[in-house]
């Protein structure tokens, strides 16, 4: 008997009447059993249409289905992607010295909450080598100095080549070149602190402290060439008060960062995030 | 030119392959343009299937569509309901003396956030008569004493007859008879305080105070014959601390109650809530 | 027998060893019974010291205590204020057309949650006249046009003169002149929307929508000459998702605004907020 | 020059006029410089008075101060405790197989967010031995079977004897005997899941799932002989929806549990929690 796979189809295309029934008919014809369907349109008349369909399908049928999707997609000018539980996504983690985001991801990977493979961790420092390797994950130390940045990125790209599906910057704190980013469009997830109001530039925690903010937050987003301005995947905040020192703010910030980043990565892994211009549709 | 209506179709039926494409095809054939589709199944093999579809459709077509739905529904053993923006839902409010939930609903009705009609408010006291009537809403005072409860309910039912689609108990604090409830299945929304842990019985705020709880909450649910045990629509909590007196807890409780109730009513009005046994599916 | 008053003393002064015992001794000597004491210091060596003491005290003693406080305050270079439940704070509300913040304040005033007097509401429009007057609160319509702004402010100041202790801008949306602000230092409370990241300038909700933010918030602060940059009293957020239209964001924003503003006003009325430079100490 | 210590004094005693000035005078006389003072009284007339004072004091003076406190405490029938940063609290962790709470505590210990010593981890299983020992923390495996429970507890008590100041049950899931509990009054912290409403007994997550709750929570509390009914230190919740399976609820529950437990342990370590009957005062 043929084994059953759980697959997820993501579609982005111009809005057109009948598109949902076309796709669900297509899946019916391929003996796929729909489990979950989410869709969103920016405008029912002439907008962009986004859909996520999760379905069960037999092993061989999946291949045929993928083949036939190319034809359907052409007719509807669809961007689409198809993933299945036959193949886990492969996640690279970039880190420096801070361990909180890295360890949160590793812990959720170990408990299988985030069902990925982690082929490697890359860091410009050696501080986290021991703990990462204790989990059996290869750790590559690529030092970064002003003159060697290009070299370092090339080395990283060689290590990643054909090995990973997406990258998480777990407090990596380094700006990636447009060349690097263009290789992984909407495939690099970053986390940064967020405040109401925003404090752009250096020492944001000190400035948040000086301003007496009552909430500190974190934002996880896809990396684009606009530093920290890519499409937002998830945000959250934590309440603080005047008794928090600037250091206490950093500690509180760390906790928000790790939970927001882990949530964003989860959704990415489950193919729940679609990008539209500079914003995301998240099918929770 | 025919005017366009926004309509919402809710469906509950046994899970069956191809059901989504059947319904979306049906809508396509009736020239309905799907805006939003949400579905949930308790089990893809042999579970119960729930779907909410929002669509634009021409005026005349809507009638034909409704007619034909009867046939489709029979084939699939569907429970279904169809509503449209041609006809606002009519909401009765039951209250006693407390005004916070009542005024929150009236305020959101006035700002059109909750787009309903309010044909009447019924209360066993006269305290809120003036404020309710100042909004142009009829107010009926039906006193309640031990011996007259049956009479009072009969009087209320006469007032409601053919006039309302659903009822909100805005801190009504009276137990309705099974006979009354059976006339409005999943059409009566109640709000009550909630604590971690729960305090069943009298003086819950005093007991929550004595136990030093750190969160107080509220739960909005549909009314069934099991007092306060019907399907939960929405819940929320507010953080408190040891400095709150039992009276402060009541004040905090009021704020959670009014926002939770208003949210639950909103979702009900937008046909976003489906009931399955003693739980709800809420398509947010 | 002499009646008992509940009084609150706020103190700001340079940090000095023994200051707490000095003040508590002073209160003991004046037969005041301390109910609650909160303090904060920016630096135990040479910082600024902030204290809030709530105490019970006899009627006549309160006068004597206030007299003697002048002497004590001089010795310690204290800024101080003393308030008591003998005299409710008087709150003016400034509004335009939006009613949500105004009505929230009036509702909490009516239920005595915010125990103030409201001598008047001032607005540059007539929209809210009827609803405000239905609560027995005087409503003054002072139209605003470009050329008449100075006149309008003068008229407002005459109306407020000796009548109010603080002012709440309930979505007033007008910039006050430095001259006006200087008459009410840390006595004018404003509310504005807040986003992560911040969107400075026009149409923030549209821009938040375009950026796909996942949280929208509100900030209540004291008004200074730096527009929307005064000391923050309270902030909160609400979770949203990609399905929210720009209009939905505004609705969600309204709910956060009214609860954040009401909380900030409550704390101000209870003398729980002290200002230090451009930040607040809030003794919750 | 004498080194300076940060010390914290906790006091519980019957309410009495002048008690705050007495204690602050006492500290002034002992050259202690008060950093932070928090107090709470259940009733200003004849209630119970609780105070936490944090202060800087010289090394030798601290000893003298402690000595003299015995005399003061006697006069005021005070329960008191004095701790200082000269000596870290020693925390034992009890676990079974689940690692999430254990690892969260170890991680916060490693980053020094929770500044304790961890002399040992005790478990009735061997699953976590390797990971715990990799942090250099001794791990003791004490198997538990029905007949051996008394023996096992005796063994545990021998291991703990004079070695620990408090115990954290990190999902230990075993009921401790009254004899064991009596050795550590208000010194054993437990974490358990919490729901609105509460589900007492077996399979709470399945029952929460069946009831369709919209929030799941966790409660950290001191252990008393009333199972899961001891004084609550901290609670929090996470929002869920109908799409969560019973397994998803468990995952969400784990995240709330670890953050709530870690917060409760932090406050305990910083001497911010006082117990009053079956409730806590938490000076945040």
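Annotations for the structure displayed:
Order of writing sets the labels: A, B, C and D. Residues in every chain begin at 1.
Everything that follows uses one rule, which is that a contact is a pair of C-beta atoms (placed from the backbone, for glycine too) under 8 Å apart; a residue touches a chain by one contact, two chains touch by 3 or more.
All figures in this text were calculated on a predicted structure; none of them were measured in a lab.
Interface comparison, B-C versus B-D: the higher number of contacting C-beta pairs is recorded for B-D. Separating the centre of chain B from that of chain C, both taken as means of CA atoms, is a distance of 37 Å. Separation between the centroids of chain B and chain D, computed from CA atoms only, is 42 Å. Chain contacts: chain B has residues 36, 40, 241, 243, 284 touching two or more partner chains. Taken as a graph of touching chains, this assembly is complete, with every chain in contact with every other. The touching residues of chain A, when paired with chain D in their complex, are 36, 99-100, 103, 107, 111, 113, 134, 241, 243, 251, 255, 259, 284.
Chain D contributes residues 17-18, 20-21, 24-25, 27-28, 33-41, 44, 56 to its touches with chain C in the complex. On the side of chain B, the complex with chain D involves touching residues 40, 194-198, 210-215, 217, 219, 231-237, 241-243, 276-282, 284.
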